[in-house]
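The structure appears right after this line, and notes come after that.
Labels run A, B, C, D and E following the written order; every chain starts at residue 1.
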Amino acid sequence: MATQSGIYHQTYASDMQLRPTTMQRVRLVLVAALLVIIPFVVDSSTQRLVNTVVIAAIGAIGLNVLVGYTGQISLGQGAFLAIGAYSCGLLQAYLNVPWPIALLAAAFISALLGGLIGLPSLRLKGLYLAVATLAAQQIVDWVIINWDPIDGEINGRATDALRIPGNALFGNADLRLNNNDTLFYIVAAAILVVVAIATTNLFRTHIGRAFVAIRDQDIAAEVMGVNLHRYKVLAFMVSSFIVGIAGALLALQSTAISFERFSLSVSIEYLAMIIIGGLGTVSGSIYGATFIVVLPEVLRSIGRMLTGTDAASLSEFNRVLPFVQEGVFGVVIVATLIIEPEGIQRIWRNIKDYFRLWPFSY
Amino acid sequence: MTLSRFARPYEVNSPPRRRLVVDHISLSFGGVKALTDVSLQVEPGKIFAIIGPNGAGKTSMLNCICGLYRPQHGHIWYGDTDLVKTAPHRLAHLGIARSFQNIELFNHMTVLDNLMLGRHVHMKKNLLTALLYWGSGQAEEIRHREFVEHVIDLLQIQGIRKQQVGALAYGLQKRVELGRALAVNPGLLLLDEPMAGMNVEEKEDVARYVLDINEEWGITIILIEHDMGVVMDISDTVAVLDFGRCIAVGAPDQVRSDPAVIKAYLGEQE
Amino acid sequence: MPRERAAQRALLSLNNVEVIYNDVILVLKGLSLQVHEGEIVALLGSNGAGKSTTLKAISGLLKPENGAVTDGTIVFDNLLIQRRDAPQIVRDGIFQVMEGRRIFEHLSVEENLRAGAYTVREATQVRDRIDLVFSYFPRLFERRHQVAGFLSGGEQQMLAIGRALMANPRVILLDEPSLGLAPLLVREIFDIIKRINEEQGTTILLVEQNASIALSIAHFAYIMENGRIVLDGTPDDLRSNADVREFYLGLTEVGRRKSYRDVKHYRRRKRWLS
Amino acid sequence: MDPNEVLKFLRLTYTGFSDGALLALIALGLVLVFKSTDVINFAHGEFMLLGGFVGYQLLTITASWGIDPTLGTILSVAALVAAMVIVGTLVERLILRPLIGEQIISVIMVTIGLSSIIDAIVGLAWGTIPQPLPYSIVPAALSGRWQIEMEGARRPLNLPQEAMLTILVVVILVVLLMVFFKRSKYGIAMRATADDQQAAMSMGISIRVVFGLTWSLTAVLAGIAGLLIGELTNAVGGDIPVVGLRAFPVIILGGLDSVAGAIVGGFTIAMLETYASGYIDPSLKNVVPYIALLIILMIKPYGLFGQKRIERV
Amino acid sequence: MTARSVPATLPQQLRANAAQFGDAMALREKRFGIWLSITWTEYLTRVRNFALGLHRMGFQRGDRIAILGDNRPEWVIAEVAAQALGGASIGIYQDSVVSEVAYIIDLCQARFIVVEDQEQVDKLLDIWDDLETVESLIYFDPRGLRHYDADFLVAFPDVESDGAAMHAEQPAWFDEQVNLGKSDDTAIISTTSGTTSKPKLALISHGNLLSMADGLAAVDHFKPQHEFVSFLPLAWIGEQMMSMACGMRIGFALNFPEEPETVQHDLREIGPHIMFAPPRIWENMLSTVQVKIEDADRVKRTIFNWALTIGRRAADLKFANKSLTFWQRAGLAAARLLVFHNLLDQLGLRRIKWAYTAGAALGPDVFRFFHGLGVNLKQGYGQTETTGICVIHRDDDIKFQTVGTAMPGAEVTTDNRGEILVRGPMCFSGYFNNPEATTSALTEDGWVRTGDAGYFDEDGHLIVIDRAKDVMTLHDGTRFSPQFIENKLKFSQYVREAVVFGGDDFPYVTAIINIDFGNVGKWAENHKTAYTTYTDLSQKPNVYDLIRREVERTNADLPGAARIRKFLLLHKELDADDAELTRTRKVRRGYIASRYQELIDALYGDYDEARITSTITYQDGRTQTLDVAIRIEPMEPVPGGVAS
């Protein structure tokens, strides 16, 4: 076991603590320090990228609660994000609600609707459920496109996009999120930390255990007294609560949102995050989100460096880039899964194990 | 602290032990009859064995008791509760737990977590305390951990407490599954072939655990088992099923010499 | 006697085979055993001793479970087979009947048998083999068009053995044929196994928990613990060993069966003479 | 009855029918893979895309040789089949085989990754603009439009005869597949593998052969579907995968592992789509199948024809 | 009220500790997944209650209580409780077979027996009718005992609650009893290891134990906050000396492992500061490391081997009292950082300040290995009759070929025949009920005759040769120690145990060798030799070749007459259950010689094979015979040697 010599427990409280080893403590401190110094050292475009990563990480944790921990495959992540984003956006646009309240309200609305979307899970399993969530995705997409109140006007022209006013807090224009990347970062990063800790805690208790039990052996879980109906719906609610926050943050980050940001390909991207990162782990969600968000940007930068500045090569660059990004995205997914189907988190753990057992192998 | 070698956890928290009455149940799947008009009575505190050829309906019987199958006719009374009308997840609340023929553990959880899941019905704290893992939420986990440790001690699985269940050897998995059922703190325990695929030495271990559970914790046990040696030695009453019908019930010796049982199940050699 | 037996060349021999799962878990730790042509050899041992792993190491079925033979050799009829894959080994003439029957639930009985004959080329031969299987297991004939998932456990075991006969192998590896079966059926199935061995000349390596019945039909037996052989001998030799009697046959020193009620909370130390 | 309405009904029905055949064809490919490998292939639409463009390229080449369109079609289809066999085999060998035995979601994800890769390759090779086929692959004798004059209303029905081709192709393929699965050694091997891979291996069935065969077959089916779409819409373009997506409600509705389900599901979904968009609102075309699907799944969780997994505890 | 001078007995010391340390932990037992702790105050309370309970059952001053079981808090509570009442305890090895238990209880005439569990209860029930003195069996693990209805079976907690009730009535009685204790009172009766004969019972007083603790603490400065894991049998004098004497005197906590199988893991969790173990434990630890390193990947192996080379070199320089150069020191620091730190952590030795070995000779390779890792391993010498040890290495003066110098308070010398003699406060007062043996073991002026042969080197370090009786006179008249040859053989990783014969009646030297199943098995695998059982492996021709090379290597360092001329590989491992080893796992040469008379005859006759029918004994006394042919391997006639 991952203990260290000389660490022993005389009470269950200390045995059941999340007890980091010295190395883990060091790592936690480093991560915390990194989180704190980011806004001081990066330029604004990087900051925006970091913000996107943070949002994605929150969304991925949410999805992982459902897919990784509870074993309910969902292709409807885009829909859950959309519900969060549009709830938040509409509350601001129509009711002029201050953003913290809109954010929180959006999370609760997401949880409610998420529970509703989760109802089919009571009868469906595995791939059948996956396609049922795909149905949710399609239906929500359809609503966004066809329901008038959530279309907005931009520059006097009717569009499919909803304009987000980005309400100020306490009447202070500086406390708006969509034009203050640093403030946004502070809010989002704080939320990420809270979500990560709360999720970790959840899976140390009977509720989280029930989720995992449903994933591993639902019949046995039921016989042991887990109310499958309640816990499956609860898993959907907890998951969509977190995803709703991510969606709301997406709305708060921008001035307008439209349906492309919540399409099926977004759902797939999020699935890729948690699978590449590692199913059923919080840290894996974060690794995966970072990887999937940063990858296209890295490719763009590399492409820029390799391309000339004349118009012809720029236009060629612009033609080719999306395909290269997509192709690399695909190759990375395939390669990761072939090399280590349990994802980055597993690779990282293997590395740690290698050194933990040093100088032995078992 | 209740953690003494001599203390029994049930003294702290003892479930009611009731009589189980299977009252003329019949079960069929799309025309195929699995059970036909079976009636049984299981007295509290006894070991009740069900034997019979494969496909005789033994596992169906257990599945009916624990609510996974719904018999078309008849009732199953546990005390005053009709189990036929009870949702499967309510059974654990009533103090009924079971093990499965093909081990159905939560493979990606540790042994400890598997057993802690057995405590699920006794844990009441809500989502918020779970997310915070604070105060009463934590205290609840610790309290139940203590109970689980008694189960671990009883079944002697101390050494594997924090290992992932999926990686354990078959015999140990069987034991963990027994432990998970015990963690429910049941009054009635249903064991579906707990000794399948074991050699004499391992069967002896399981027999001993079953007896300990029955005698020291006072739990009523319904046991499906093929090994006649075990069944005859440890059970108080034996019921024999054949083609979904109960062809004999009685004390082990009585059943062993029953001609119908010899013909349908035991064969002439025994 | 072991000595005379050792002098002959074995049809199938494992020499210090080491098997590792998932690159870390050592399951077989240098296991050696021999199976001679026409024999029934029983491999006994507790759970987790590595019996099934041994069979899978021979039949090449370790790979899907992330296991690998990392050391030692497996020789079948002068052929090194530890690196060959499962389909090749079936073609070589070794067929494993896996633990838990593993019949194809959604296929009919006859389709199951045809699947077993995958390596047989001529259609007429397939027909003949099907008839042969039905002659051993008339019950399967009655149910040949039924979906196999609805067969009873005993019938499924018969089907599993029947599938093995379809390929006309020289060696059948049988993994726990008695698992979960009623005493009556166990007897029946072991009688058929014996008949197959005698009538078809098929060599059989048998893994079994029910030591007394396994020893009743075997010509030679090995006892495994913790991934290695701890004892071997003819059934008579083994039946006279005190440890075998106590731990595998459940007999007391005077030869009476022990009562399960009197089991102690501790174990006598085993003395496998090592 | 208003003749216009009757005409509309006939037109919608015909469209639904031919569309249904196409969906059924696509669904068949998905079911095939699922049946023998337990994988839902999210790259099926991309296989179609690739098939469509490869077909387009082959037709263009044959056209440039100036040979007779019938011969050109036969040559091109033959070459397309060969090409898709190669694609299927490669995909299985390089991408899916390493994941044999991994959990289902990983395997699904790998097909998603694969779809991105194919998308990128097609995009880089042919761009995103739809390309018209150089000539119709339907023999001149069969092409044309059904012209039915309705009494009282002088409106021609004016439906493309080519659509019948789809139906014909589907019927032939279904019959072939059913015989294959029931009778042939490889068909039984594929079903056995679907049931229990390890047990199938113990029979000497080579999982590699079975999987290679499966993926080649499905790739061929997808290629043919892609080319058919090109024919029906007069061009192959980047939106073919969207058609592939439409097959998901089909297979769930019919049951993931049922050939018959794929056929019935294909026609049902296509009819629903066309009627809903024709009678209610065109924008409903994409949602209606899903709503119907949800309703049906609530009643039959394993689809109309899907095998309920025999659950033993 | 009570005299607060230096406590003279263990119970007095316990009382002092309870007053001084109070709520600090005295005992910990891994149970129910955590280390359940008992504070000094609780310890005293439980001892008091148990003592009073015993008294109520009729325990008198001068009575003896026998204790049989794994190391648990109840074990030590029972011991100290008996001592508090002026009685003595006698520990019996928990793996003893029934006949051994009967022998010892019969010899010591205990009236009460404290046993752990069903296993031990069953042993005693088997022989109950023959045990005339015993009145009650007190058990502390009730598992499986629910149907046992003998009225002499008493549960440990019942005795305690009886005692608690008595304490409520007579609160001062216990203290009075403790005050009556004197330094000369017998505290424990310890069984001698019995390599040459049946075990004898040595009387060890409180004064013996406490002075031993004081002596050791004067050499090495133990502190109350140090941790100690008590996992070796408490029946062994070494464990008594550490756990009971030092633990009580210093006040450090004793940690009892959960199960015998979890010792390694529990040891690692605790990470003790002090450890005392016989050579076998250290040898096993080394071979575990070797096997695991063998299985590690190339990178790890290479780095490990590099680090070990550095460590060994540093150890050699330390033994030679030379200082390290800057680069050597840097290398050592790197090796520590890269390998040793983690390796010691894995072994549970990271916090070890002092580690001891005694009881038999430890091979220099093992010794160097641990010093190479930075474990301060020291040899000691002594025996039951000297309450554990009387000679020990000092931190700055370690020489692996010696056992160090006399402990403070001890006088050590050799007599004219080379026998080692010891005198001092740790020396026992005699054997129980055996005046003859006492007379021969104790000289008139208070010297203990150890029975071992030895001499002092130029630095005053004691070098032990062998049991004096075993020292053999070879045919050319030289005196030689078989143990010396055996140890040389055992340095080979392929040799688990060796028994050497020669001298006196025998014309030349021969050896019966036990192969190391694990290592030889591994070797066989690497050399494509298929084997099944131990017996099978031991008789493989190329295994004989392998061991032959090891014997040749040993012979090369031996004078001609001492060279091994013939050897054989025994078909079974020597086992304590067959009485071939003592319970402390030492070879009983004399017994082996008679048991395997046929083999010895064959070794000295003109045979190349010997058939032997041997009997093995099961724990419950049943036996089984087996019949094997064993090959005799003659070595080449040694040049210069005398032909037989």
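Here is the rule we go by: a residue touches a chain if its C-beta (ideal position, glycine included) is under 8 Å from a C-beta of that chain, and two chains touch if they have at least 3 such contacts.
Since this is a predicted model, take the numbers as computed values, not measurements.
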Pair joined by the larger number of C-beta contacts - A-D, B-E: A-D
Label of the chain whose CA centroid is most distant from the centroid of chain A: E
Centroid-based (C-alpha) most distant chain relative to chain B: D
Chain C and chain D, separation of their C-alpha mean positions in angstrom: 45
Chain A and chain B: spacing of chain centres that average the CA atoms, whole Å: 41
Distance from chain C to chain B - Cα centre to Cα centre, in angstrom: 31
For chain B, residues contacting two or more additional chains: 68, 100-102, 104, 145-146, 208
Two or more partner chains touched - positions in chain A: 12, 15, 219-220, 361-362
Shared interface positions of chain D, touching two or more other chains: 313
In the complex with chain D, residue positions of chain C that touch it: 59-61, 64-66, 85-87, 89-91, 95-98, 102-107, 111-112, 114-116, 118-119, 149, 163, 167
Footprint of chain B on chain A - complex, ascending: 1, 12-13, 15-16, 198-199, 201-202, 204-210, 212-213, 215-217, 219-228, 234, 238, 280
Chain E residues within the chain A interface of the complex: 25, 28, 33-37, 268-271, 292-293, 295-297, 300-301, 303-304, 307, 339, 342-346, 348-351
Chain A-touching residues of chain D, taken from the complex the two chains share: 40, 95, 98-99, 102-106, 108-110, 112-121, 123-124, 127, 245, 248-249, 252, 256, 283-284, 286-287, 290-291, 293-294, 297-298, 301-303, 306, 311, 313
Chain E - residues contacting chain C, complex: 95, 117-119, 122, 143-144, 517, 521-522, 524-525, 528-535, 571-573, 575, 577, 616, 618-620, 622, 624, 626
